[in-house]
Amino acid sequence: MVILVVVIGYPIVRAVMLSVFDYSLITGDAGATYVGTGNFSKIGHDPVFWQSLKNTAIFAVVSLVGGGLGGLALAFATENLQGPWRFLRAVLLTPWAVPVIVTAFLFQFLFLDRGGLVNDLLMKSGLAHSPVPWLGSTQWSLFATTVANIWQTAPFFLLVFTAALRSVPNEVIEAARIDRTGAWVMLWKVKLPFLAGPGVIAAVIMTIQNINQFPLIWAMTQGGPGYSSTTLTIYLYRLVFVSYNLGYASAIGVIWLVVLMFISGWFLRRRRGVSR
Amino acid sequence: MTSITLRGIEKTFGAETALRSCDLVISDREFLVLVGPSGSGKTTLLRIISGLEQATNGEIYFGDRLVNDIDVGDRDIAMVFQNYGLYPHMSVYNNMAFGLRRRKIPKQDIDRKVNEAAQMLGIGALLHRKPRQLSGGQRQRVALGRAIVRDPAVFLLDEPLSNLDAHLRTQMRSEILKVHRTVTATAVYVTHDQVEALTMGDRIAVMSDGVIQQVDTPEALYDRPVNRFVAGFIGTPPMGFLPGAVRRQPGTTKVTGEGLHVCLPSDLAGALPAGTSEVVVGVRPEALRLVADSFTEDESESWLQGIVDVIEPLGSEKHVLLTSAGVGLVAKLPRTSQVDVGQKITLAIEPTGGLHVFDADTGVALRPEDRR
Amino acid sequence: MTIRPSARMTILRTSRPLRRWRIGMTAMAAALAVASLSLAGCGGGSGASDGTTKLTFASWDAAEPATRQSTLDLVKQFETEHPNIKVSISPIPFSDIEQKVLLQVQSGSAPDVVQTASNYTADFNAAGALEPLDTRAGQDYLAEIPQNVADVSRVDGKLVAVPWAVQPVGFWYNKKLMAQAGLDPQSPPKTIDELLTDLKAIKAKLPGVIPLGVDSTNRVFGLDVNWSWMRTFGAEPIASSGAQATTPEMANYLNFMRTLATEHYTEVNQKIGYFRPLAAQNKVAFSWDQPILEPTMKSASKMDDKTFQDTWGVTTLPAGPGGQKFSVPQDHQLAIMKSSKAKDAAWTFIQWMTRNEKALNHVVADKGALPPVSKPSDAVNALVEKDSALKAFRDDVAPTMVRPPWGPKYAKAYDPIMVGVQQMMTGNQPVTAVADEMQSKLQGALQ
């Protein structure tokens, strides 16, 4: 227990301590100077931080909604698969098992300006006259990475919701059939409430994962062009591993930790509300 | 006006046959109980009536309308499940109102119906609770309420009381009957508890092995079982069955065996097909009377002898379990009867009503009314 | 070697903000503990009692599949020739080596010799981790290195590493595509104006071809390759006096980059690695890339030497208004860590690696780079001579190499600069707005 507290608590304590220093890995302990709340006030007028925060929020929320709804739709669509068709569900689950890096690679190719499947389809269908620079433009890069992330994470929701659907008691469904419940009401009013509990847990997990998503974005856009797809992880990566600006990075990390704690707390409160 | 007619209903699950050629007519507003041992096909039959399950073969009519292809929601039935099947996330009120809303009933009418039903079932104070905040009995009332607000033509109940304790069960039994009297529905009630069946049913259908063995009023089932299965299933303690040989003598027909001497009443004797030599005699426990051994000396009396195994005192009377010629049976005796375990006793058989004769091979009752 | 308490702290605190702590602190801390222990095990060489000296050599060549085996073989060869020195290789991928070695430096478990390059060398030096080598190398050794090659390894006039594999970035041109576009395949563009004309012709005639491959990613490497272009326009956004992003020269450069993007002469925010396979399929006409492009293309397209030399040529970057030509060195260097306890043996090792014929043969044949000496042996020289591209790198491109102002400031400045470049290439803000924003961020970063 003590070990656990030390192991979990120590890095957090270190981060908090570091966050009040101007600390670079290059100069090490010797070059560290105490700056008090300097790092935190710097965050206040650091436009890159705020843009990263905004991008992180968009990326996480849109991924969550997209992945959640996608997974839900797939779960309902595949609910009554019979016999060999059940294999289809296994196929639909594969993106979850694909390494993130492979997903990134795949979507980089789908979104290529030239010869990318998405642009080919858009051009052939006449929806676009010239290729859309999905990864090479500030308007689209966050969208493109988000789509890739949705593709990657929807199967997780499919898995969770499929399991939850199986746990809906047969008698409840039959009672609803006797009550002349149409397919739509059956989904929304009868089955969906059974998915709320597992759904909230899945949402917490995925929100944290989305906020922390690094390899996908890094491999697809490195956070660019400009800062258009820079999330907090990307920004921190640059601060820590390229600029070695550990003090400032720790200050952001501390804020981030607090934000994440609030998000999880909020979700879990909601969840208690749901199950009550 | 909804009678239910089942014709040649068969149901198979893969290789498993759950129902074979079931014919049944349930009249309008009748309260019919389906009873039978576990696995006999009661639930399956009920679900076929409801439309939740499709029959493999056969026809179902509601009135004179063939309903085989009519969807559950359109058959105008309501069902009460053993595990209630309540919507856990809806309040009691909404559980009851849900089906009405699906049928586009005006809001005021829904409100009125729900409140009426809640009043009748004594759950008026619980309307805002969720099912998980209710006791088992309260949940069952909500399930009943959900069924009756719909005012269905057919009311189907699958062992609705089996999750309740004995006391509550007795109480709910009468409530269900009360409800049935106030609604104008034809009810089919599944149970494997024969006391429930006998006390509730206008008629009872006894099932075994996917076959409806007999459909009759409780009295008729008790007095005139069509076969050994029904005879043994209906009545507690159960009927005892003793094999014996037929001995035709001038003026009387006897069935005798080791420790068994039965002079058949003339109607039963007349029902014996010619040439029958082996039969099984069925004896209701209450048809037995403790007598002195000397009783056996009268050739015109019917009696049996056995060794007492167990004595169950029940207050007003006692059940004596004995073995006669290797077969176990029960006698219901007055509390004052002097018997001891291990004692060999002689019991007189009342020949009227309590005595039945069955074909030794088929188990079919050999009854005067079946004689052609 | 024991781990000082602060050593472990350094590791933990470095990793904390980045590592995704959902993975579980337990696993992470355990991994770090193991890592710090194993790092301690391989630190600093020492004289063993049997007279052999042990060296540790951190190298990305030993981690990358293409060079792994030949590197191991080469080191084995060194050990054979120097039986009293044992070299233990610590393979670390290129992208991790700086951070790993810096951590090792902080925890007192640094290797004796590191393979390093460009900004890594400057950062190591800024961390005070590198041994100055002027005295050890001596006049004769230094005299063999071309002046501008040696300058790449100098910080503030001090030699902090020795050049090993010389790799300037050069202007590759596809002669076949040029001919198809109606251009003279023998005369690649010599000025920016000529370049723009050629790009236009290529775009018009060969719509399926990317006219110019140039890395515009937001990385230190991205700034490296763009540094030559900036210098070509006379721009130097980081100078000793501070940020200089708002000069007219910088505006010219930025406008040029915008032209590349809006005319679809190149693809924005792509790594140079993206263009390489396309170049191998003759889908890139010009590319601003290192000598490594040659082996990469050959292995991708199975081209023989003859076809390759008929197809691809290398020359200097077209000149800008000042008429001067620029290239950026991506040389691989070898350096000795200050903390090493076996500096003599370490010098013996890197001296051999940068002078021995087998080692230089490895540089040319296996690494596809130029040797770090003006006059290599005939055999090594012959290898360069028979490869027209490499020869052009040596004769034309290498002399134009200019070291960018590498160092910790550069590592902070690359982000605002490259972001500004990308904004130019993808947005439509006026150049002054982009430059102003770049300037203010640069000032913040350089503080």
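Letters A, B and C mark the chains in the order given here, with residues in each chain numbered from 1 onward.
Going forward, contacts are C-beta pairs under 8 Å (C-beta built on N, C-alpha and C of every residue); 3 or more make two chains touch, one makes a residue touch a chain.
Note that this is a predicted model, so its numbers are computed, not measured.
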{"item": "Central chain (by mean CA position)", "value": "A"}
{"item": "Far-end chain from subunit C, centres as C-alpha averages", "value": "B"}
{"item": "Approximate Å spacing (C-alpha centroids) for the pair subunit A, subunit B", "value": "60"}
{"item": "Mean-CA-position distance for subunit C and subunit A (Å)", "value": "34"}
{"item": "Between subunit B and subunit C, centroid-to-centroid distance (C-alpha), Å", "value": "91"}
{"item": "Subunit B-facing residues of subunit A, complex", "value": "169, 171-172, 174-182, 185, 189-190, 193-194, 196"}
{"item": "Contact set on subunit C toward subunit A in their complex", "value": "6, 9-10, 12-18, 20-22, 25-26, 28-29, 99, 102-103, 105-106, 123, 126-127, 208, 210, 217-220, 261, 267-270, 408, 411-412, 414-415, 418-419, 422-423, 425-427, 441, 445"}
{"item": "Residue ranges of subunit B touching subunit A (in the complex, touch as defined)", "value": "50, 52, 72-74, 77-79, 81-89, 98-99, 102-103, 146, 150"}
{"item": "Touching residues (chain side subunit A, partner subunit C) in the complex", "value": "4, 7-8, 10-12, 14-15, 18, 24-29, 48, 113-114, 133, 135-138, 141, 208-209, 212, 214, 221-228, 233, 236-246, 249-250, 252-253, 256"}
